[in-house]
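Heads up, the thing below is written out as structure tokens.
Every chain is named by a letter (A, B, C, D, E and F) in the order it is written, and numbering of its residues begins at 1.
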Amino acid sequence: MSRTILLYSGTFTDVLFAELAPRAGEWGYQGLELCCWGDHFEVQRALSEDDYCAKKLDLLSRLDLSAPVISAHKVSQAVGDRVDARHQAILPDYVWGDGQPPEVSQRAAEEMMATVRAAQKLGAAVVAGFSGSTLWSFVGGYPAPTREILAAGFQDFARLWNPILDVCRDCGIRYALEVHPGQIAFDLYSAEMALDALHGREDFGFLFDPSHLHWQGIDPAEFLRHFPDRIYHVHIKDAVLNLNGRNGLLGSYLPSGDPRRGYEFRSPGHGGIDWEAVIRALNDIGYNGPLSVEWKDSGMNRDFGAEDACRFVKRLDFEPAPPEY
Amino acid sequence: MSRTILLYSGTFTDVLFAELAPRAGEWGYQGLELCCWGDHFEVQRALSEDDYCAKKLDLLSRLDLSAPVISAHKVSQAVGDRVDARHQAILPDYVWGDGQPPEVSQRAAEEMMATVRAAQKLGAAVVAGFSGSTLWSFVGGYPAPTREILAAGFQDFARLWNPILDVCRDCGIRYALEVHPGQIAFDLYSAEMALDALHGREDFGFLFDPSHLHWQGIDPAEFLRHFPDRIYHVHIKDAVLNLNGRNGLLGSYLPSGDPRRGYEFRSPGHGGIDWEAVIRALNDIGYNGPLSVEWKDSGMNRDFGAEDACRFVKRLDFEPAPPEY
Amino acid sequence: MSRTILLYSGTFTDVLFAELAPRAGEWGYQGLELCCWGDHFEVQRALSEDDYCAKKLDLLSRLDLSAPVISAHKVSQAVGDRVDARHQAILPDYVWGDGQPPEVSQRAAEEMMATVRAAQKLGAAVVAGFSGSTLWSFVGGYPAPTREILAAGFQDFARLWNPILDVCRDCGIRYALEVHPGQIAFDLYSAEMALDALHGREDFGFLFDPSHLHWQGIDPAEFLRHFPDRIYHVHIKDAVLNLNGRNGLLGSYLPSGDPRRGYEFRSPGHGGIDWEAVIRALNDIGYNGPLSVEWKDSGMNRDFGAEDACRFVKRLDFEPAPPEY
Amino acid sequence: MSRTILLYSGTFTDVLFAELAPRAGEWGYQGLELCCWGDHFEVQRALSEDDYCAKKLDLLSRLDLSAPVISAHKVSQAVGDRVDARHQAILPDYVWGDGQPPEVSQRAAEEMMATVRAAQKLGAAVVAGFSGSTLWSFVGGYPAPTREILAAGFQDFARLWNPILDVCRDCGIRYALEVHPGQIAFDLYSAEMALDALHGREDFGFLFDPSHLHWQGIDPAEFLRHFPDRIYHVHIKDAVLNLNGRNGLLGSYLPSGDPRRGYEFRSPGHGGIDWEAVIRALNDIGYNGPLSVEWKDSGMNRDFGAEDACRFVKRLDFEPAPPEY
Amino acid sequence: MSRTILLYSGTFTDVLFAELAPRAGEWGYQGLELCCWGDHFEVQRALSEDDYCAKKLDLLSRLDLSAPVISAHKVSQAVGDRVDARHQAILPDYVWGDGQPPEVSQRAAEEMMATVRAAQKLGAAVVAGFSGSTLWSFVGGYPAPTREILAAGFQDFARLWNPILDVCRDCGIRYALEVHPGQIAFDLYSAEMALDALHGREDFGFLFDPSHLHWQGIDPAEFLRHFPDRIYHVHIKDAVLNLNGRNGLLGSYLPSGDPRRGYEFRSPGHGGIDWEAVIRALNDIGYNGPLSVEWKDSGMNRDFGAEDACRFVKRLDFEPAPPEY
Amino acid sequence: MSRTILLYSGTFTDVLFAELAPRAGEWGYQGLELCCWGDHFEVQRALSEDDYCAKKLDLLSRLDLSAPVISAHKVSQAVGDRVDARHQAILPDYVWGDGQPPEVSQRAAEEMMATVRAAQKLGAAVVAGFSGSTLWSFVGGYPAPTREILAAGFQDFARLWNPILDVCRDCGIRYALEVHPGQIAFDLYSAEMALDALHGREDFGFLFDPSHLHWQGIDPAEFLRHFPDRIYHVHIKDAVLNLNGRNGLLGSYLPSGDPRRGYEFRSPGHGGIDWEAVIRALNDIGYNGPLSVEWKDSGMNRDFGAEDACRFVKRLDFEPAPPEY
């Protein structure tokens, strides 16, 4: 479909934007999904400095690269989470502040609104990110939450995110929530519930990343066919199951790369995802947004992998039959 | 091995002890794993009333039933958890009190010590239960916890449970932690970490319930062979995977019985667990404690199922070869 | 659920009714699904002789057997088929007549109306059977039928069957179409199309026989959950796949029992069907009609098998949880 | 083996021969399997016009393309079928005529003889096609055909095809029947029966297309090894199973491309066929005829796919060991 | 088929015949496969003492037991093997003698002839055993044997066994070679070669024991269908694969019961063999000899298992359809 | 990891060294694993002729090829085997001599010491080969060897190989035993036992060839992770299972290429080995020696395959993450 192939910049925040952009181009990418940390896309500067966005776009344009999606995964996590010590590392100081949970979430929400406005200024169409969730710790745990507790969690989600989505609506930006463990939506039916909690407002859809569905036993193509008009962004990331009787899918607290884990993320094409089925489902539902490589593989050289992944996606993304076929 | 077959009473707390015990005997059970809620085993009465335990034992003895294991799952959960609104429903009023988290946990710890003493008074050998966990909400979620945060969680676990285990040691009781989502140990390697955090003290071992391992992709027999001398209690409960591409293993917040869930608990023999492998592994490691049916099946009549399960376990628990064979 | 267990009499038409009924009782059955050939249930005599039905019911009643379902598979096939030489063997002489196709089908339709009236006279609730189909030869074949040809086939089906279903409605009888190759409905989506062609009239539902779905790769439980209120009758019959690289699912024209066939029917419990899933789905959708053993197994003694099957179904049909559970 | 790679022209009949041939060459093909409809290969003109074949060959030769196989699938279908409305669309007017079945079949047989003669004139070695079948509607259906009915069907097949095969013999042409649903031979054992019905005459062999065997559960390599000297032509076409519990292998009357179907055809390498096993079996039996890409994929751009397929076959068709190895 | 169910006595040579026989009867067996070691069946006494066989038969008859098969596994192994230190433990002193290989084999051959005569005297129909093999050490090893070396091995086999089979012929006894690793025939094609080496003489057939085929990846039912008239005896013994990535099928020199082995023998019904398929294949080929339980399970009490196995075989051995069905 | 890719020369001994080396270079290889037969590497000449090694190295150097590993598979087999007629074909005349077993083994041991010294002279780091085994014929056979017999076999192994390994130690050469049927170590646990028998001396490690593990059911990556510091050399060779119910894993005495065998060796990438898992395990354990293609495929042209294999290994051997990642 000749979809635009992006590199998700969040894996490369140790590399300055001015250095990363040309490398991405050399590897074959047609654009970047810029993340809002490091110097890749600084929200406050974008809003306060007149030429910040123009300069970014200028550099990208000279490299023939686009930037249609902004990643706000880190700040967005704090909007709906019970904030704890882990969050300090993913938030700018001015959002973390003194770390008092309710205020942190409030400031995170404000930063998200700013992000949407900054994205508009850059000419992006989509802001992608997380939601955080007060319900996550109840998933699989004990005691099971009551219906009332679950309902309250979804109401919180709607209450916190509707104002941000209102800004999206005003700016002509769509928010793509990554369906991901730790978020309000982490599988097919929870995604359905999240959509219902927002009464299906069109500003809100999903970032589809099959790697998070695969290890849960969900067929990524079924997810796509279930939400044909709510796929607002796509991450290309692979995953592999390592089950040998001792490994478990919940991962035993082990870090990525430890062979005792039950699953691992992989450079695309090096894992277990049925990409042929994914691309055909994307074709069938008419998704024509970008394909963004979120490169993650604890066992491969990053630069080698980023280039390998771009080639992989180009081979994968074949032309579908014309609609009239 | 002619192991004692128990009925876990926690599934029947709507039935009074005096009524449940004879029914269990008629269904073929040889004893009860008494839970510490309802009137099955009331910890404070057991300690304060001189004849409470004697009366229980007398009734059981007339029915030719034993009570070698006490279940303290509900109170034990609050010891190590971040206490929230869900916990009120599982705690006695005098433990919940005003619901201020740190004090609730403290009172739960004291109740656990009382439980151990009451179990000793009843002549039980094992108290079974949970641990709670401050780390649970980090499992699978985002942001990933640092090594330091994980280490702190295990230290908390040890700090909170060592005093209770000291009482176990003094009373000649062993604590069997159910390896279960929501607890400090939920799979093979996290169980290893929990044991390490306690420096392998012998008062502490595991309640093995294969239903919680099965859906995580772990082979229950591998778990048994990995901890040959730390299996202190066994629950017989089955589980089935319902994966069809849309269902996910994390369960989508759905209650038991909803066909959209990725797995369900089942009456033993009606699910996917390889019981032949489980019983052979129990034989190989020389486990000779009781087998306790925790009956749970949203699609089967409870009384029918409890009797069916007892018959199933009797067929299953064949005699192993003598050691010299 | 203590559903009534019937023996489908069509496998025993070499045995007189008066002899079969007591044997069925001895084997443990609680009733018969009487077929309309041989002397099991003679439609014209039932209608014309005053005491025909009463005598049948009297004998059954003395044996404590019921007859809630009438099988009209043979005559019903001719209603919607392109009649050819094969049909002579399955039709009474007065329906076959001179074998001219259009008239044969017309007489078959009239016989079906008579059958419904006779079933009412016997006090049955369901007539079970086939439909025939002018579309069958196009399935899988070449050239593929156009949409118009398919639409015409469904219109024929509705035109031919609506008058028979009108008689059903008048008599308080439900027609259960067996979803089966050779019929208008042979899998899940074709069953949906057949229901649509009749505008979902309630006189019409399905005879669920999982053996015909299994070899097509369809999960029988998915079929049940897809049509929760249209399961009007159930056949218990098993099937096994024999694939070894040379065998094919279309069966190579080979008769039952030839090991070169890709699949075979089997006595229930001796094949590949997941009966646990079937019975749970029947429980979940609230089916409380009879379970009728259609015994077919080319490798087993028929009398042995009929008794073995009855025992199997009794073990299988466990009590579900009460609705309020 | 450096087998000749052909493009089956029947997928491109909307493209004129003069335009298709150079495109095939550009995509990498070494020849065309010309179909007898559209202007690709017009049988009557080939026979009646002196220079028709010469001109075709001249154009092909200038493009360095060969045409060793003629496809007569459409007309051949009518030879042995019960002709109905579907056939009009696949027959030339002069064969369809007034559409009276027996005469249509007769004219189709004559056209097949003409086709063989025309193929000889073009210098082709093989005519490939179908057979039609009066037995097809009995496959899987009800009532099952008797042995006599089956025997009669095979006799019909022999009676109708022997005269055509006599022409083949006289012209030095071999007929390759595609083993395909809807034909007298659709799987391994029915192919054996068809060969027997013709007493194994050498003019008659098979067009091997693994896509039609795969979904029936047959291992294509077993088919090849079973008929080592009767593989007269090979189609390269892939297929994929889409089973998810609801989909069925008989396809529910649904058109290609509908995700509810149980299987789909695919561009080679994009489906489930084990091509490595196919090519090794072809090597082992010494097949050295062409490999003809019958391109069919409802989810891929046709031109892209035709080129992709040619590359795929070139990679696939590795050199076998020399016989003496 | 109501085949006779035997207990193979070789697993119980620590129990005297006079004690074993009544226990076998109590466990439900209908006869014994007597082994020629311990006091179960002493070949030289049977030949030299007039009433030895009569007394055995008398005791068996009083218990309603038969003895239709004699097991000579131990001595027969030495006939065709390269004799080494291992063989001393399995041979009577008068066969082992001074342990010089060629003479040991010669004496073993003579003992086999004596065994056949003794079996005749007892009224048995079959002698079952091994062959030994000079080729075994070449299987899977290095350097690969040449065709000439293999041919010489089969010639040795024929040369050594033909004289013994001549005695079989004279005595009306059939020899059933157990297809088993370590023997000249250990899988389907090597069994074919062994039969060919003997020019298919009818005195020679196979003892079918599916446990030895299962772990090699062979379908036991295929073996039966391949040799429909050469199945002279059947052992009922189960096996299970324990593959977890580290275990291997060649067994790492480990003794039975070690969980690191790749497979284990099991009490029938407790392993991985598809017994339904086995019994149907036995029915289809018309085998009507005995089914002999060779009980072996390192994880189960032997007496419990022997009784459990007998019940299992009775359930398994259902009545087939009559031939005319 | 940019590991050196070698071609194992033993598959090409019909080609002279001077001809093979440039071809290997053209195919893309970076070096040769020279075998000690044919003229590839002549041990006695290497030791006795001053410039033999220098000339070899000179030619290799001009082609930019290295020779870091010497293969002594043939002679090494005779060191620990019971020598028989098969061995004559794999030994030089001066080692075979008069073929008396004990002296042959002794001469083979001396030749191995010479080989180590010659390898040192060539500048190689590793000698790769077999061990032979007196225990091989007991594997899987009958009677099972006692513990004492097994222990004696391992003692023999140590007694015979320690002197050779002493020469390795003195020469700075490591011996890589190929884990392979027919050798003392053929799977994971037998490799462990072999290492133990040598008290883990560092001169001794393994040649890892996954093709020999795959068909035994062992996961090659588990082998690598089990012996992280003992992988001294790696062969790249693929294998495929051909199980269809009749084929068996022990191979029925059939030669390579016969489709009745249960498994076959294949050109890398054309079989069933999970190479992605192999390369990641090699990366994880830090193996940085060469990858040596032992090309073997009975169904592919050897020259085509050798070049194809080299390309395959280059694609496969991706750069791992740096250790600090």
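Just so we're on the same page, a residue touches a chain if its C-beta (ideal position, glycine included) is under 8 Å from a C-beta of that chain, and two chains touch if they have at least 3 such contacts.
This is a predicted model, so every value here is computed, not measured.
Novice: Which neighbours does subunit C have in common with subunit E?
Specialist: B, F
Novice: Touching both subunit A and subunit D: give me those chains, sorted by label.
Specialist: In this structure, the chains that contact subunit D and also subunit A are B, F.
Novice: Counting shared numbers against all numbers at the contact of subunit A and subunit B, is it over half, same, or under half, different?
Specialist: Looking at both copies, the contact residues mostly coincide.
Novice: Select the chain at the greatest separation from subunit B, using centres from the mean of Cα atoms.
Specialist: It is D whose centre lies farthest from that of subunit B.
Novice: Based on mean C-alpha positions, I'd like to know which chain lies farthest from subunit A.
Specialist: Here the answer is chain E, farthest from subunit A.
Novice: Using Cα averages as centroids, what's the distance between subunit A and subunit C in whole Å?
Specialist: Averaging C-alpha atoms per chain gives centres 52 Å apart.
Novice: Would you mind pulling out the distance in Å between where the CA atoms of subunit D average out and where those of subunit F do?
Specialist: 48
Novice: Distance from the CA centroid of subunit C to that of subunit D, rounded to the nearest Å?
Specialist: Computed from C-alpha means, the inter-chain centre distance equals 38 Å.
Novice: Do you know which subunit C residues sit against two or more other chains?
Specialist: Touching at least two other chains: 219, 222, 244-245.
Novice: Are the chains arranged, by touching, as a line, ring, star, complete graph, or other?
Specialist: other
Novice: Which pairs of chains touch one another in this structure?
Specialist: Applying the touch criterion to every chain pair yields A-B, A-D, A-E, A-F, B-C, B-D, B-E, C-D, C-E, C-F, D-F, E-F.
Novice: Mind listing the subunit F positions that touch subunit E in their complex?
Specialist: Interface residues on subunit F, with respect to subunit E: 77, 82, 85-87, 89-90, 130, 135-147, 149-150, 180-183, 186-190, 193, 213, 216-219, 221-223, 226, 241, 243, 245-255, 260, 262.
Novice: Can you name the residues of subunit A that touch subunit F in the complex?
Specialist: Against subunit F, the touching part of subunit A is residues 244, 257, 259, 270, 297-302, 304-305, 308.
Novice: Mind pulling up the subunit E residues that touch subunit C in the complex?
Specialist: Residue list for subunit E touching subunit C: 219, 222, 225, 276, 280, 283-284, 318-322, 325.
Novice: Okay, in this complex, where on subunit D does subunit B touch?
Specialist: 244-245
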